[in-house]
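The two complexes that follow have chain A in common; it is paired with chain B in the first and with chain C in the second.
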Partner chain A sequence: MISTQTENDIRIITVTADVLDASNSKEFKEQTAEIVKHPKVLIDMSALKFIDSSGLGAILSCLRGCNESSGELKLFAISKTVRTLFELVRMHKVFDICNTKEEAIASF
Partner chain B sequence: MSQDIVIPFSSFETIFPLHVVFNDSLVVVSVSEEMQSLCAAINVGIPFKNCFRILQPYLEDFTYEQICAMPDEKYIIQTSNHLKFKANVIVQEKTVVFLCQLFIDDVEDYSALPKMEFGGDLLLCTKALDKKIENFKALEQSLRQKEEVIVEKERALVAEKEQARINKEKLSQNNKEIGFEIQKALLLGRLPKRENLTIEVLNIPSQEVSGDFYDFFNHDTKCMDLVIGDVMGKGIAAALVAAALKGVLLRCAGKANLPTRGFISPQKIMLRLMEEITPELIELETFATMCYNRFNLFTHKLISVDFGHTNILHYKFLSEQVQRIVGKNLPLGVQTQPNLEIAEEHFDDNDIFLFYSDGVIEVQNEKGEMFGEQKLMNILKQNSTKTPGEIIAKVRESLIEYSYQDFKDDVTCIVVKIEEVFSQTRIYNVLMITSCLDELKRVRNYITKTASKIRYFQNEENLNNLLLAANEVVANIIRHGYKNDPDNVIRIEISVSHSWIRICFVDKGIPFSMADEKNMNDIDEITDADLQQMSGGFGLYIIHSLVDKVTYHRDSKGNNYLSLIKNFQSETLRTASSDLDIT
Partner chain C sequence: MRAVIIAPGHSDNMSLINEYYPTGMIPFLGKPFLQHIVEFIISLEIKKIDFILTHLPQKVESFFGNGERWGCDFTFHLAKSTDRAYEMLNVIDFADEQATLIAHEAFLPLIEQQKSQVYFTKENDKLFWCGWAWVPTDQIDTVTSLRERSEITEENDCEITQYLTINSYSNLLASIRKVLNKDFDKLLLTAKEVEPGVWLSRNVLLPSTTAIQPPVYIGENCRFAQNIKINGNVVIEEGCIIEDKSTLENAVIFPKSYVGESLDLKNVVIDKNRLINIEFGAEIEVVDDFILGNLNDNVLKNIAMSIFSRTLAMTLFIVFMPLFLFTIISLKLLRRGAVFFQNDYIVLPAKCDANLWQSQTFFSFCKKEQINHLSPTRHFFLLFIPGLWKIACGKMHFVGIPPRNKEEIENLPQDWRSLYISSKSGIITEQYVKSLASTAEDLYASEAFYAVSAGFKQDLYIGVSYLKQVLFGRTLK
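Coming up: the complex of A and B.
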C-alpha cells in the first residue's frame, strides 16, 4: 500500500494503493506511524485515485504525527478528484500541497 | 208541489160560510146561505157586477181571464148593500169561488156574523205554508246546488294547487338538473389518463348546486396542472360565477403553452387571472377560493399558487408522514395583490397529494362537530399504500359514516399519486453487500457502472462526488449502524429517471440520523488548527455537500432507508433533451 525512499534526507512515502478509504485507512495509519516521525516527510499521492473521509483522516494523522515530532510534512501530485475532497473540507489550507516531487523537495 | 187539500162538500159550507161561486162568464152558479142572508141580492143567475163591486185591486174591466191570471190576489169587494168583504179566489174547472170574510169595521150587528170564520185563514195559511215550503225547498235545492258548486270549486282548487306544486317541483328539479348539468359540463374537469400520475376524484353534489370546480391541464407527458376552487355561496348564481371564473382561467392557462416560450409559470397565470377577475368579483360582491398547482415530473416538484383555499395534504413516502402545504394569499375578489406567494414542494415516487374543498372537512356529525382536516390526514396516512381510487373510497365511506344528514355543501376531493419508479425510471438495479468495509470498492464499482451510462456522470468530478457521498454513507452504516459487525447486509438500490439519480441504502442497523443537516454548515467556522486535530466527522458534511437531497426514514420493521438524490437536469424545462441522454 505504501513504499518509502529517502532523498536528500527527506522521507518520501509513495501511496501505491489507488484507493484510500475506510477499508484500508487504518492499515495506512499503522504503516506510516513511524515514518512520519522523520523531520522531513513527503507523501506522493500520484497513484491515489480515490480517497474518502477515513483516508483523509489517515493523512491528517500523518500530519499530526509529524507535527508532534516537530517535523514537516508536504503532499504532492494530488489528482483532481482527490483535490476536490481536500477543498471541500478545506484540507488544502491545512496541508502544504505541491504539484511535483521536485517542487516539494525544493520547498524544504 | 203543494198538495191539494181535499175538503168534503158538507164541510166546505161550514168552513167557508161566506162564499159565492161564479162560472167562467162570471154569473153566480152557487151562493152560501150565510152570504145570501147578508146580501139578499146575490142569487143564482145574477151576473158578478150586480153582486159586487171590486174595491181592490183596481181593475177597469173585470173578466174571468183576469181573475185566472191573478190566483193569489187578495180582493176587497163591496156588495150592493154596502157590506165590505176580504176575499180570496179559487179558480177551478171553469168556476171561480170567492171565499169572503167580513171587514169587522163594517159590521153593525155582530150577532149576524157566521159562527165559523177560520176556514179562509186556514186555506190562506195552507197556501202560504205551501208557498213557504216550496220556497224553502227551492232554497234548499239552490243551496244544495251552490254547495255542490262550492265543493266542485274546492276540488278544482285543490287540484290546481297540487298541479302548481308539481309544476314548482318540476321547475325546481329542472333548475337543479340544469345546475348540475352546468356544474358537470363546465365546472368539473375530466379525469386525465397519465402514466406517471394516478388521479382519482370524489365529487358528491349537495342538495343544491354550488360553486365547486376543478380541472386538469396536460401540458406534456411531464407536466400537468390541476386547479381546484370554490365560489362563495350556492345555487345557480355561484355555479355561473364559477363557470365564468373557469372561462377566464382557461384563457389565461391556455396561453401558458406557447411552444416558442416554453411554459408560463403558474404564478404568472394566476397574476393574469387575478387582474382580470378581481374587479368583476368585487362588483358582484362575491369571492372565490382557488388553488392552482403544477406537477413537474422533470424536476419532481409541485408548484402551487393558492387563493385562500384549503390546505394541500402531502404524504411523503420516504418519511411516511403527512404534511400540510398552507397557502398565504387572500381569496380572489378581495383585492388585487401585487405579489403572489408560491409554494414549492419536492416530491418522490409514491408520494400522494390530496386536494379538497371545505365541504369535506365541514361535514358534521349529530353533535354538530366537524369532520376536520386531521381525520383526512389520518385516512391518507393509513391508506398510503393503496391506490388513489381506494383512498377516495375510504374518504367517501368515512364522510358518510360521520355525517348524520345529507351533505350541506359539495364535497370535492382529489387524490394524486406519483407513480412507482418503473414507469418513469430508465434504470433500476440493486446490489446486496455484507457489512464489511472491504465491500466499499464493490459499491463504488457498482455505482460507477450504473451512473456512467448517464452523460452527466461521464464527467469524472461529477461521478467522483457521487461515489464519495455513497462511500461515506456505506462506511457510516458499517461503522456506526452495524458497529463493524460483518455479519449483516446492506441493500443498495439505484433508480435513475430523466432528471435525477437516487441511491437508496437499506439496512437494519442502529438508527442514526445521517439525513440530519444540523451542524453541517459550520465547517467554515472551524479553525485550520482545529481542522488538523479532527480525526473524523467529515462524513456527514461530505454527504450533504455533494448531493441535492438526503432523505431518511425507518419503517416499522426496523429497516433504515437512506436515499441520496442527485439532480443532473437543470430545473428549467427548456433544456429538456440534451442532458438526460443516456448513452
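Coming up: the complex of A and C.
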C-alpha cells in the first residue's frame, strides 16, 4: 500500500496502490498515522490512478495528523485524473501540491 | 525564452463572476482573456509558458492543455492562495534560462521583446506594477517585492500607456472599447469586420429590423429577434439569444446567455442570469428565466431528469401509501413523543446570493441527527417514504448530499459552501450508504466528491446500494 524513505530529513511516503477507495483507505490511514507526525512529509502520488471520497478523506486525515504535530505535508507527482479531482473538490487550496519531487523538496 | 503567467483567478469586486470564471478565463471578444495573453506572449517568440493557478485551475488546464495547439509547451503549477502564487516562482526550476517574462492574467500591456524591464501602469493617477516584468532568472526571488512598488525608481522601470485590463468590470468594458475603437490592435479576433466598427462571427441570425450603431462585436451562433437596438460599445459573445425590442448599450453579454423581451440594458455585464451594473457596481442574480437565462445544453437534460424523478417519486409514494399509513399508526401507538419531525432545508442547487435561497420543510419520522445511525429498514420507513413527497414536488432528489438549513450552510467554510450549493440534496446520501465516519474531513470529502462527480451513473450506483441494504441489510462499520 505504501513505502517510505527519508531524504534531507524529509519523510517521503510513496503510495504504491493504484486505487485509494473504500476498500483500502482505512489501511492507508493506519499505515500513515505515525509517519505523518514527522515535521516534513511528502506523499508521492505518481502510482495512484483513482481516488474516491474515502480516499480523499484518508489523505485529509494525513493532513490533520500532520497539522496536529505542527508539521508540513505536501503532495507531488499527482496523475492527471487524480489532479483534476483534487482541483474540482478544491483540495489544492488545502494541500501544497507540486509537480515533481525536486519542486516539493525545494518548497520546504 | 520562458514566461510565467501568474493567474490567481480572483479579482477585487468581481466575486460573482469569479464564482464561475477564474479572471483569466473571462470571455473577451470571442476568447478567454488569458488566451489573448498567451497569443501575445507567443508573438514575442516564447515557446515555454508556466501558469501558476489558484482559483478554479481545472478550467484553465482543460482549456489550454499541454500547449500543443499553439505549438508550445505549457506547465501548470498550483498555489494554495494568491499570496503563495509568487512564492511558487522560487520553486520552479528555470534551468539555464537567462531571463523570464513574468505576466499577470488580468493585464495585457503592449510590451516589446526586451529584457530587464519592469512595467507600471497608471490608474486614477496612481502608478502600480501591472504584474509584467522581464526578470533575469538569477533575480527571480525579487519579483515578490515588485508588488509593493508604487513609483518608478529604478533604471529599468517603465510606464506603459497602451494596455488592456480586466481587473474590474469597468476596466473590462473600457478595455473592450479600446479594442473596438482600434486603440489597441494587437489582438487576433475571430470575427470579421463586415463594415466599419461592426464585427460579425459566423452563423449569426440578424434580422433587417435590428438597428446597429457601431462599434459592436457579435460572436458565433447568436440569434436576434425583431426590432432590437444596439447602441454602440456592445459585445455579444457566442450562443446568445436576444428577444424582441430589447435595447443594448455599452454592454457585454457573456456566452450562452438569454436576454428577454423589451429590456433596456445599459452599462451592464450579463452572464446567464447574473446582471452586473457597472455604474453602481451591483451584482444581481435574476431569478426569473424569462428575463435573463442560461442557454447551456445541460438545462434541458436537467429538466428531463427532474420530470423522470418526480414521476417515479409520485408513483412510489402512491404504491407505499399503505406502508406510510401503517408507520404513522404504529408510531402513534408505540412511540412516546412526536411522530413527525419538521426539517428545514435550502433547495439545491441554490444561487450564490443567500437572499435568493429558497427554504423548504420536509417531514420525517425521525430527528435529523439520527439519520446516519438508522438501520436501512428504519431509514426506509422513517425517512425515505415520507421524503418521497418532497421529491414528487421537485424540491428534493432521491440521491444527493444531506439537506441543510440556511444557518448550517452559512457556517460551512467558503469552498465547501460553494460546492454544496452547486450540488443537489437528496434523501439517500453516499455518506449513509457507505457508513462513512462523520469526521469533518470525511464529510467534506464525501460531499465535495459527490458535488463534482454526480451524474446518473453515480446516483444509480448509490441508489442500488441503498436498495440492497434495505432488502438484505448491511454490516455497520
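One rule holds in what follows: the second predicted complex is superposed on the first by the 108 of 108 C-alpha atoms of A that agree within 3 Å, B and C clash if a C-alpha of one lies under 4 Å from a C-alpha of the other, contacts with A are read in each partner's own complex, and residues count from 1 in each chain.
Methods note: contacts are C-beta pairs under 8 Å (C-beta built on N, C-alpha and C of every residue); 3 or more make two chains touch, one makes a residue touch a chain.
Because the structure is predicted, anything quoted here is derived from the model rather than measured.
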Going by the contact rule set out at the top, does A:96 touch chain B (first), chain C (second), both, or neither? second
Check the residue A:85 against both partner chains and state whether it touches chain B (first), chain C (second), both, or neither. both
Touch check for A:69: first (chain B), second (chain C), both, or neither? neither
Let me test your reading of the model: by the given contact rule, A:23 touches which partner, first (chain B), second (chain C), both or neither? first
Check the residue A:6 against both partner chains and state whether it touches chain B (first), chain C (second), both, or neither. neither
Please work out whether A:52 is in contact with chain B alone, chain C alone, both, or neither, and reply first, second, both or neither. both
Between chain B and chain C, whom does A:61 touch in the aligned arrangement: first, second, both, or neither? both
Could you pull out which residues of chain A sit against chain B in one structure and against chain C in the other? 22, 52-54, 56-57, 60-61, 63-64, 84-85, 88-91, 93-94
Can you tell me which positions in chain C touch chain A when the two form their complex? 54, 56-58, 61-62, 75-78, 80-81, 90-93, 415, 418-419, 430, 434, 436-437, 439, 441-442, 444-446, 448-453
Quick check on the complex: what are the chain A residues that touch chain B? 19, 21-23, 50, 52-54, 56-57, 60-61, 63-64, 67, 80-81, 84-85, 88-91, 93-94
How about chain B: which of its residues touch chain A in the complex? 437-438, 440-441, 444, 460-461, 464-465, 467-468, 471-472, 475, 478-479, 523-524, 528, 531-536, 538-539, 541-542, 545-546
In the complex, chain A touches chain C at residues 22, 52-54, 56-57, 60-61, 63-64, 84-85, 87-99, 102-103, 106-107
